[in-house]
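Dropping the structures in below, format is structure tokens.
Look for chain A in each of the two complexes below; its partner is chain B in the first and chain C in the second.
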Partner chain A sequence: MKEEQLQVFIEGTKYFFSTFAGQQVDVGVPYLVSSDTKVAFDYTGIIGIAGARKGCVYFSAPGRLLAKLLQALGEEDLEDDNLCDVVGEVANTVSGNARRDLGPEFVISVPVIVKGQLEDIKLPREIRSFVIPITWGQDKAALVICLE
Partner chain B sequence: MLLHDLGKYRGIVAAITLFLVLDTCVLALNYFVSKEIQQETESVNLAGRQGMLTQKLLKSLYELQDDLAVNLDVTENFQEFADTFGLFDVTLVALKEGGMVPVTDINDTEMIEVKPVNSEAAMQSVDAGLQLWQQYREILGPIISNGSKQVSLLDIHESIATVKETNATLLKFMNDLTRYMEQQANEKTQMLQYVEAAAVLAAILNFFVIMFIFVGRLKKNDEELELAQKENSEILSTVKEGLFLLDQELIIGSQYSRELVNIFGREDLDGKKLAVLLKDMVSDSELQLSEDYIGLLFKEHVNENLIQSLNPLKQIEVNLLSSSGLFETKYLSFQFNRVRVNKLVSHVLVTVMDRTIEVELERELEEAKTKAKGEVDSLVSILSIEKSAFIDFLDKASDGINLINEELKSSNQDHQAYMAKVVQFQRIIHSIKGDAAALEVSPVEKKTHEMEDVLTEIKNSDEISGNSFLPFTVKLDELFSQIGSLRLLSEQIANINDQHSDIQPAATPNMQSFSEINTLVKRVAEDENKMVNLVTQGLDSHHVPPAYIRKVREVAVQLVRNAVVHGIEEPNKRVELGKSPQGTVKALFQQKEDGNYSLIIVDDGAGLSVNRIKRHALKNDLVSEQDIEKMSNAEILNLIFQPGFSTASDVSMHAGRGVGLDVIKQSVVEAGGKMKLSYKQNKGCRFEIILPGKITTTTKTYNETEQNIGVEQV
Partner chain C sequence: MKLLIVDDSNIIRRKIRRSNKVGDLEVVGSACNGLEAVELVKQTQPDLITMDLTMPEMDGIESIEKILEVKPDTRILVVSALADKATAIRALTIGARGFICKPFTEDELNDAFEQLLEDI
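Moving on, here comes the complex of A and B:
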């Protein structure tokens, strides 16, 4: 069950890139990090999860990847706001996908966008996060899933 | 408004009313008495005028007499005489009986009303005056009625004689009357002054009564009210429940407890509808149900207790999104109670309790129970294992997990690299499984077995991608948790042991270090339907140097297990071969003369079969057919030390994963040791591990190193 749940978030990410950006992502080997280790690039879109399982899922990417993503989406304005928007869009698609596939016992929030480090997120110490390395073209990003 | 509706204001309203009534009475009295005094003053004036009129009458008689004596026209003086007589007469009668009296003279049309005198003294004066005046009427009356033409000097002489004689007495009576009336008027004035003074005094008293009693009482009331409000607000700010009132329109009242703000994370609740508060917390249908339920509470004929079970908000899970993007889950319990005023439902009191801690505790307890059930097995095994051996196992497992995780993290994205990882992970996991089996930590043994399944699946798939490892990572996480909780469990046990340090363990730790090998043999033999007798010698901490304990245990565990699984035949097979149905495995440890240490594992089983090894190596693509043809027997035998080699035909808990000997090889080589293998078909197999007498410490447990293995066929 747990593996399928993780797969839902991965599929959401893959779906965004293959459908909207026209180029698939490579999903790397998933590994674990302790919950106090935050895998963060420049911009992060976080969705909160509650209900059957609690925690959060976030997609974090460097500005360069997001800028290329914006261009792939036909947006010429690569300002900060737009980079935030696009990382939010990825998270939003992941969130929507999860809402559809995980059923009503999961409560899934709309994304919150964070720029820079993720210091504010407090996760239970005893659990570990799954880090799914994402490669898109030459750039690396990460999908991090932390669920109790 | 009725007096009894005034409540505590009754007294002050009564006092003020009394004050007003008193004031009105005094004013009215003043008005009437003043009016009387005015009339009496007029009467006094009239009485005074009577005195003057007696003199004027005499004077007019003398003037008339003078006129008649010198034969002048008497008309004017006669008229004055008659007027004076008339005015005196009218006035005197009026003073006796009451009536209208001209203001200035008898011909004046302006009249004033005169009341009869009422004091006894005045009446006596009036009566005496009237008596005397009767003589005047008798003498003067006819003269006047005859008119001025008929008047004679004689008549006047007579009149003067009479008037002169009595005039002083009449004047005295009139002056007395005046004095008495003045006195009466003065008395009334004085009475009025007294009454007014008394009224002022009463007003002042009333004022002080209002000031000191009622104001004091109001002040006290205010203080009580203030205190009540203070207490009220203290209660509302301290109470651990969210409290508020709802009216029939389901609007939140102005007073609510501080906790309500904490629970809902918003301050602006006053005057808001309940729906606003519950929005985003409950579904639309739940909200509708809740509103219907509260609506029922406002219906008098509905029994509150009966419908309590309908409360849809008895316990709800609420997920509030914090600014960091994470949900905060709260479990809230709403309770609704009628508030009655004058026996009618006026409001509904809503009590919101944050039951999060309770619910979470319940849940934790439930989890702990479930976990405890699973941990009983582990607990039993931990209790029977020597502490250091168990800690060793946990440390080694943790090292293995961390190494795997590091490897996962640094993975290159190509099939070949992935393949290499799988083999490496298999070896590590197998080693952890072996240790777990030896220590009978069955949850870990089971989990690592599952992980081996997953790895085999990955290995057998045509295309390995990063995502192929997801199920493995998930299981790695689970193993992580298992090891974590076992560590916790062992720490707890250690604490208990520390607290009861007077209780000695049944067996000495020295002997315990390797005792798990015995258990392992029994269990594996049972699982494999074999009969095995284990003989050990020197496998204890007297003989094994501390630095080798972990290594020797690890190697002995794997080799003894291999001997049972792969070496010893099933009892009927052994009988067919003319052997005893019970096989024997010996594990001997000793220090040799050259100072090196030797661990020998011997079994009287099937030995090794070159052909079987060949077949298996080909099947598992360890070597090509051409290569194997060129290989010597020794080289073929060496294949059993290759990663991925296994000869057991079925995959079971104890064998068939293709890892085992390579782990041992690895372990021996990294300690700078050697390994010798000799065998004889159907007679048995002998492994000898030589460890250097001079111990070199190694930190990396799972590193690949050079081969240093010798195989010989006996």
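Moving on, here comes the complex of A and C:
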């Protein structure tokens, strides 16, 4: 993956939080991990990618960060269903926005939500994932890009 | 005037509902996929619909086509994360009247509502 493509996802994540939550997130330096290493917090929204690029994009965050995000969106119901919903919506929006630069051949699925570890999620063995670390207040999260 | 909200995300449906500041626009229903939307259009006869594109069961593009067969004068505002021009052009070509990208601000949404309702 080229640096400018990675930048698309970084900017997309920043834009989501600044527009929907009205607050900035800090994005750390991206790093590479092997397909055996799955970065996971309490909730993960996974978007399958097909078309010209294959793989997945996922956003993973602790429940506390997602509850704060819901509150920033004006949502009062902070129950589990809405935590799952919002983690999927971050992944969906950042992936969908990436089509502005990557084009319509970057085909995205509806989000799949996983709670806890990603034991049953199989990532392509030959691809290393880029992890984009995110800090929002005291909480950490990650956007992970695993693409051919 | 009547508004129907279509999105597979409950929090987005609720955000659109809360963001609506157009005085005479009343939310008459919400649907979580295109199939449900088509049924709700028959029941509620909305003037305006916000339509997500990436949804399970039936996506937004197919839903727009079916809704306009049932009620051709419906104004459809696409509210989608898909930010590429080709998708916007496709949606507008098949009959959507407007297109805004997620994440959206409250002002963007209400401006789009007002534009679409101008000539009713």
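Operating definition for what follows: the second predicted complex is superposed on the first by the 147 of 148 C-alpha atoms of A that agree within 3 Å, B and C clash if a C-alpha of one lies under 4 Å from a C-alpha of the other, contacts with A are read in each partner's own complex, and residues count from 1 in each chain.
Note that contacts are C-beta pairs under 8 Å (C-beta built on N, C-alpha and C of every residue); 3 or more make two chains touch, one makes a residue touch a chain.
The shown structure was predicted, so the numbers you read here are calculated from the model rather than taken from an experiment.
Visitor: Do chain B and chain C fit side by side on chain A in the superposed arrangement, or is it a clash?
Guide: fit
Visitor: If you count the residues of chain A that each partner touches, which comes out higher, chain B or chain C?
Guide: B
Visitor: Let me test your reading of the model: by the given contact rule, A:Gly51 touches which partner, first (chain B), second (chain C), both or neither?
Guide: Touch partner of A:Gly51: chain B, not chain C.
Visitor: Considering only the touch criterion stated at the top, classify A:Ala40 as touching first (chain B), second (chain C), both, or neither.
Guide: Touch status of A:Ala40: no partner.
Visitor: Just chain B (first), just chain C (second), both, or neither: which does A:Phe16 touch?
Guide: A:Phe16 sits against chain C, while chain B stays out of touch.
Visitor: Draw lines from the C-alpha centre of chain A to the C-alpha centres of chain B and chain C: what angle do they form, to the nearest 10°?
Guide: 80
Visitor: Can A:Glu126 be said to touch chain B (first), chain C (second), both, or neither?
Guide: First partner only.
Visitor: If we overlay the two complexes on their shared chain A, which of chain B and chain C does A:Ala141 touch? Say first, second, both or neither.
Guide: neither
Visitor: State whether A:Asp85 touches chain B only (first), chain C only (second), both chains, or neither.
Guide: Touch partner of A:Asp85: chain C, not chain B.
Visitor: How many Å separate the nearest C-alpha atoms of chain B and chain C in the overlaid structures?
Guide: Between chain B and chain C, the shortest C-alpha distance works out to 9 Å.
Visitor: Report, in rising order, the residues of chain A that make contact with chain B in one complex and with chain C in the other.
Guide: In chain A, positions 109 sit in both the chain B and chain C interfaces.
Visitor: Quick one: in the complex, what on chain C touches chain A?
Guide: 8-12, 14-15, 18, 54-56, 80-84, 86-87, 101-105
Visitor: Using the touch rule from the top, collect the residues of chain A that touch chain C in their complex.
Guide: Going through chain A, the ones touching chain C are 15-16, 19-20, 70, 73-75, 81-82, 85-86, 88-89, 92-100, 102-104, 108-110.
Visitor: Taking the touch rule as given, give the residues of chain A at its contact with chain B in the complex, in rising order.
Guide: Residue list for chain A touching chain B: 2-3, 6-7, 10, 26-32, 46-51, 54-56, 58, 107, 109, 111-112, 114, 120-123, 126, 128, 130-131, 133, 135.
Visitor: In the complex of these two chains, what residues of chain B are touching chain A?
Guide: The touching residues are 317, 319, 321-327, 329, 405, 408-409, 411, 413, 418, 421, 465-467, 469-471, 473-474, 476-477, 480, 484.
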